[in-house]
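Next up: the structures, one after another.
Heads up, the next two complexes both have chain A, just with different partners, chain B and then chain C.
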Partner chain A sequence: MNDQSIAAPAGRKIPDRLDSPAKAAVFSWPSLLLAVAVGIFILNSFASPYFLSPWSLSDATFNFTEKGLIALAMALLIISGEIDLSVAAIIALASTAMGLALQFGVDTPGLVAIGVLTGVLCGMFNGFLVTRLGLPSIVVTIGTMSFFRGISYIVLGDQAFKGYPDSFDFFGQGYVFWVVSFEFAFFLVCALVYYVVLHRTNFGRQIFVIGNNPVAARFSGVRVERVKFILFCLTGLMSGLAAVALTSRLASTRPSIAFAWELEVVTIVVLGGVSILGGSGTIQGVVIAAFIMGLVTFGLGLLNVPGIVMSIFIGALLIGVIALPILISRLRQRMAK
Partner chain B sequence: MSTVNATDMDDARPAAAAGKGPILSLRGITKTFPGVRALNAVSLDLYPGQVTALIGENGAGKSTLVKTLTGIYLPDEGEIVIKGKPVALTSAHDAFERGITAIHQETVLFDELSVAENIFLGHSPRKRWGMIDWKAMHERSKSLLAEMGIGHVAPDTPLKELGIASKHLVAVARAMSIEAEIVIMDEPTASLSHKEIEDLFVLIDMLRQDGKAILFISHKFDEIYRIADRYTVFRDGEMVGEGLLKDASQKQIVRMMVGRAVDQIFPKRETEIGAPVLKVDGLSHPTEFADIGFELRQGEILGFYGLVGAGRSEVMQALFGITRPSAGTITLDGKPVEAKSPADAIDAGIVYVPEERGKQGVVVDLPIFQNVSLPSLRKTSSNGFLQLAEEFRLAREYTERLDLRAASLSQTAGTLSGGNQQKVVIAKWLATRPRVIILDEPTKGIDIGSKAAVHEFMGDLVAGGLSVIMVSSELPEIMGMSDRIIVLREGRIAGVYENDGSLDAETLVSVAADIGEEAAA
Partner chain C sequence: MKRLLRTREIWLGAAVAAIIIATELRAPGFGSLRNLMEVFNNTSILMILALGQMAVILTRSIDLSMASNLALSGMLVALTNAAYPGIPVPVLMLMATGFGLVLGAFNGALVWRLGIPAIVVTLGTLTIFRGLIFVIAGGQWVNADQMTTDFVQYTRIPVLGLPLLSWYAIAIAVGFFVMMTRTSIGRAIYAIGVNPTASVYAGIDVGRTKFLAFCISGALSGFCGYLWVSRYVIGSVEVANGYELTVVAACVIGGISIAGGVGSVAGALLGALFLGVINSALPVINISPFWQMAISGAAIIFAVVLNGRTNKSRGRLILKSAETVK
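Let's look at the complex of A and B:
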């Protein structure tokens, strides 16, 4: 073992930390991501003359705000060592529930409540199966992914719900100030809330502990199952909110809505530096990763790159970004040897 | 530099080795990690047909040395000489090819594979086209196991069906199958029972007679004196003494290890034992234990002794809310405790230092201060928001009381030695200001210096009015520290003894093992 206990003689005061927090921040994953984001931003502005206009930048944000909302909660869930692959299906079910309510003449406040509530209920269902029955979340949520979207298909067939009230448009199409859309502003507020929850509260600390060592967490009095249940509910809640925003933006509900988004959400989270094995990650990283995803897809869109090529590009980006730190640490190890 | 040379090393060549030089020699090995010199110009000789004990506190560099010998670390300086030829061990495979094999504390074997596959993994007998010759493999496994006196283990048994002791034996079989000439045993006895240790020693004797050179690492002096021929003592990454065990007393070796004289006598203090604090009545579990009843008094250290599997840890985990008892009551300070989870037990004032430190005790990838503050977060935070300054203050207060050796409180707990990790776990619990602290094998696998610190501290705890339950398999520890001793056997209380000086070890062992079956230890 690389034992550092030799370094401090007996009885000496133990310092809080050796490196300053500022130094740690500069050499962190989010800083690297930020550099990547700036790079892509510059590339984009060279690639297309239209990119730098405020309105196109504003449009670009729609590429990631809804996915980003879910990614915030997903980050917490993945840090705790679980995952939810049913998030896109929850959007479909929540959107369908809203569309159904619309047929019964429910107005905007009711629609929003139903969308959000459906999301939370789906999250509770996932959480129940994982924490009460002790099933692995990856299997449970692959199951509920088919289950939730299946219900949408049964209700809708190849139909679509349309005719949402005008007042409902605000959530996906409204602007709070100049070019700042409601969705974008809401995403920033949520990001701040999740930052505080994960990095500044006892609850957030417990998430990290659980992700690192669930047994030691339990042996230290952390109510592991309860924390995980809450995280599944939060993920459901964010999926419900995303469903409201997306349904409003599209002004319609089809059963194929948000199809395969769960992969992009997980991509954002992992790109953001959250360990897929749990135990580490930051909200800053996830937020920057959401921006990167949005910038890349928007930039490629401006260049008229077809969607299929875009997904190849994003896949390569993901593998590259994950491989990079592993390669660097291997290189370091080799040099240390 | 107070190097103690018990014997002059050149004259110390054992007559037993009869002209045989060392099969393996390390000369001037230095290995540095960022900020730490783990090994500083150390030397070590291993002789064929002899067991050399490597002795040192945790952090003395033993593990680094093992990793150097097994090709995991490359030394910065120095040379490794095998059979007179300098070699470079650049990979685990290299070491394997040179006839070096290691048996670790936690065996590195494959649970899902069969015994035979584990023995021959990487060097299985082959047929044409590189196909594995299963028949030859099973036959050779069978004869190996029979030779070792464990013929009852079938070669096709999945390894996961064996106990830890048998797994060790399979590891030994593996060492024999590759015809290793140098066998490293890194604390092989740490999780074995008395009987299993005896079996292992018989095997070590066999290996010795076979002419293997054995490096034996252990914290237990009785084992070292029992099995080893030579010793080499490390301290702070340096070799501080070596020679023949028969020429060195335990006291001399301890002095070399710690660089000072450590009182091997346990720091038992006379404390005022008060009224009963914890009452347990009729505690039962469907499979693990039945009808456990006892009282724990204020300022008392209550020892629980028994064989591995007697149900001691299970009883403790029921008190701590991890396993749910099927019947029985627990009362603390007159109030009934219903611990449905560890969180409830902690709230009630019962805390538990688990035996499996790495799995259940510390979160190795989190900083020390976060490990310490974890169960006290409600106290260190305000309205659920973290107060880092308060966490650091709490962590510093308790880790410094325990004389933790760490570079900083932000260092991850996994970078500490076993003894220091244990201090982190104990600090974490003391910070919750408990009424009752349960220590499950508190000094298992930790070095003698940390051990003394833990024992010393237990004295402080009871003097401060706390009550302690200590589970231990080490007789000197249980008899040295406890006020009273409860012996468990097969999940039931087999005896309760006042430890007033008239109690002898033989009684405890024979009660724990039922009948006087080779009772004396």
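Let's look at the complex of A and C:
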């Protein structure tokens, strides 16, 4: 990366030719993240002898797959300039709906359908409030966050739903091939789908356009409200799927399930290089960021670091990874003078 | 008069009054002065926090780290009190406020100097501060028997019938009102929320004003840290967990626009009182406390919908808070 591309905001220098694609790829955000991930991986394997075994690595994936699933859809939503803070509450509500259906003797396929459907309905509700009534998504979803989880509390109080059928265990505890869990495989498939949707389709292009300039997008014939509505539904859908996986893994439903996950999901997305201001980001980055979160928490877990202390690392990682490039480019500018 | 009727503070005040009256009808005694004073006292901390959050939201930012800041500052003074019972409580209050101020300044500096969006910065510091509590306390709790009598009493001593806690809230509210409406810093906070670009031309340093807003919210969070620990006589990692969104909710209900520049001290106070009154009304009319969350959620959604109808300026700008106005 040369000085010209860095100095873009300050001066209006336009380079004679762009960086070569290879150079751009090497210095891109996902590559930086990948380097961080590899670094953490190596540190982990030095720090704990138990880290480098296929089974413990497989266990590590459980730390982030459910959050990662939601992060994929959340990335699209944030790129479009909106945000959904109610995702964890949707998990709680979808899980409660499944637990409730269980009491009426609904079997596995029905449970999954109900969980996913609840997620989609919640997403539609958010989407309706934001796009039809033109309300700011951050406040709307703070409201629906209390609302959805509140319904779970009304239904469950301090109780829990248990006794899910054995066939339901597969989604959170099953393995498709050797150490590859169903959840992890599903996450990879979803990541691929989201990659194609965001980076290879018209729809994905429209998301970027909306995020960069909703007014211009409207004038160029993009149906802004409809795209946003679909994105809210997608986020609800992924939360519903995450609810199925998480409920199956824990084999129980409590109203406090997935508490405060919304902030971790947003952290993954932002760490993945998606601009919180909307308009830019990649799925590759988000996937790697999900891995980083999983590796950090799992690695520190092996070292007996309590979960609450890990949050310091994650917070510092979030701020550090964003602040560092800014600081470096400042430093370069100062050196150049 | 017509203008007065249209201000949302009046309606919000009427809504609060209506809830009180409705509850009084179901459960006589709820509307008594004594009980209302109790409700006010219970809501004091939320009111102070809502004021701090208001200052930040007005500048088109958001402070999600308030509850963690509160818990960390609270833990710090609780530990200090347990280790050195000799230190007078006012000094501890100053210490909590000062420490909170430093944490707020850290947020503010990142927003100001590095131009990172406030929501990202405070999302990060939210988890960092929370984690630090565990580190400084070594995973321990500070229990009632470790605190001195003074430490616990300084929120309880009644003055003119009201506990000191309520008086702190009143004093801060008055101070805040003066600051927001009668000083240049208050003016600047509103101005950069309404139009950052115009503010720059008017000679207001946008970044510095945001920094000051974060310092204010930080200092108030820190002060509330002492209040919380003293009020509930417990210092732990879990203190006020998830409370940051309740504070934002109080502001939203109070009509403070997340897009910045719109909102009043009375609105923030009433928004907090609204939540406080609901929370204390539910148990007396025999509704399970588990309904609380859903009802406050519904109240937020309702308030936002109402907001959207009254001022049609679409408030989507929170995510654009880092507009390049240098």
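One rule holds in what follows: the second predicted complex is superposed on the first by the 309 of 337 C-alpha atoms of A that agree within 3 Å, B and C clash if a C-alpha of one lies under 4 Å from a C-alpha of the other, contacts with A are read in each partner's own complex, and residues count from 1 in each chain.
Going forward, a contact is a pair of C-beta atoms (placed from the backbone, for glycine too) under 8 Å apart; a residue touches a chain by one contact, two chains touch by 3 or more.
Remember, it's a predicted structure, so these values are computed and weren't measured experimentally.
When the two complexes are overlaid on their common chain A, residue A:M145 makes contact with chain C while staying clear of chain B. When both complexes are overlaid on chain A, the residue A:M238 reaches neither chain B nor chain C.
In the superposed model, A:T201 makes contact with chain B only, not with chain C. Once the two complexes are overlaid on the shared chain, A:L76 sits clear of chain B and of chain C alike.
By the touch criterion defined above, A:L318 reaches chain C but does not reach chain B.
In the superposition on chain A, contact of A:G279 is made with chain B only, not with chain C. Once the two structures are superposed, chain B and chain C can be ranked by residues of chain A touched, with C on top. Applying the stated contact rule after C-alpha superposition, one finds that A:A216 touches chain B and leaves chain C untouched. Looking at chain A, you'll find no residue that touches chain B in one structure and chain C in the other. Contact residues on chain A toward chain B in their complex (touch as defined above): 1-8, 10-11, 13-19, 196, 200-206, 208-209, 212-213, 215-223, 279-280, 336-337. Taken together, the chain A residues at the contact with chain C in this complex read 9, 81-83, 85, 129, 133-140, 142-151, 153-154, 156-158, 255, 259-260, 263, 266-267, 270, 276-278, 306, 308-316, 318-319, 322-323, 326-327. The touching residues of chain B, counted against chain A in their complex, run 33-38, 58-59, 61, 63-64, 73-74, 236-237, 320, 322, 341-343, 345-347, 352, 354, 359-366, 369-370, 374-375, 377-378, 381, 384-386, 392, 396, 399-400, 403-411, 415-417, 420, 428.
In the complex of the two chains, the chain C residues touching chain A come out as 62, 64, 110, 114-117, 119-121, 123-128, 130-135, 139, 237, 241-242, 245, 248-249, 252, 258-259, 288, 290-301, 303-305, 307-308, 312, 314-320, 322, 324.
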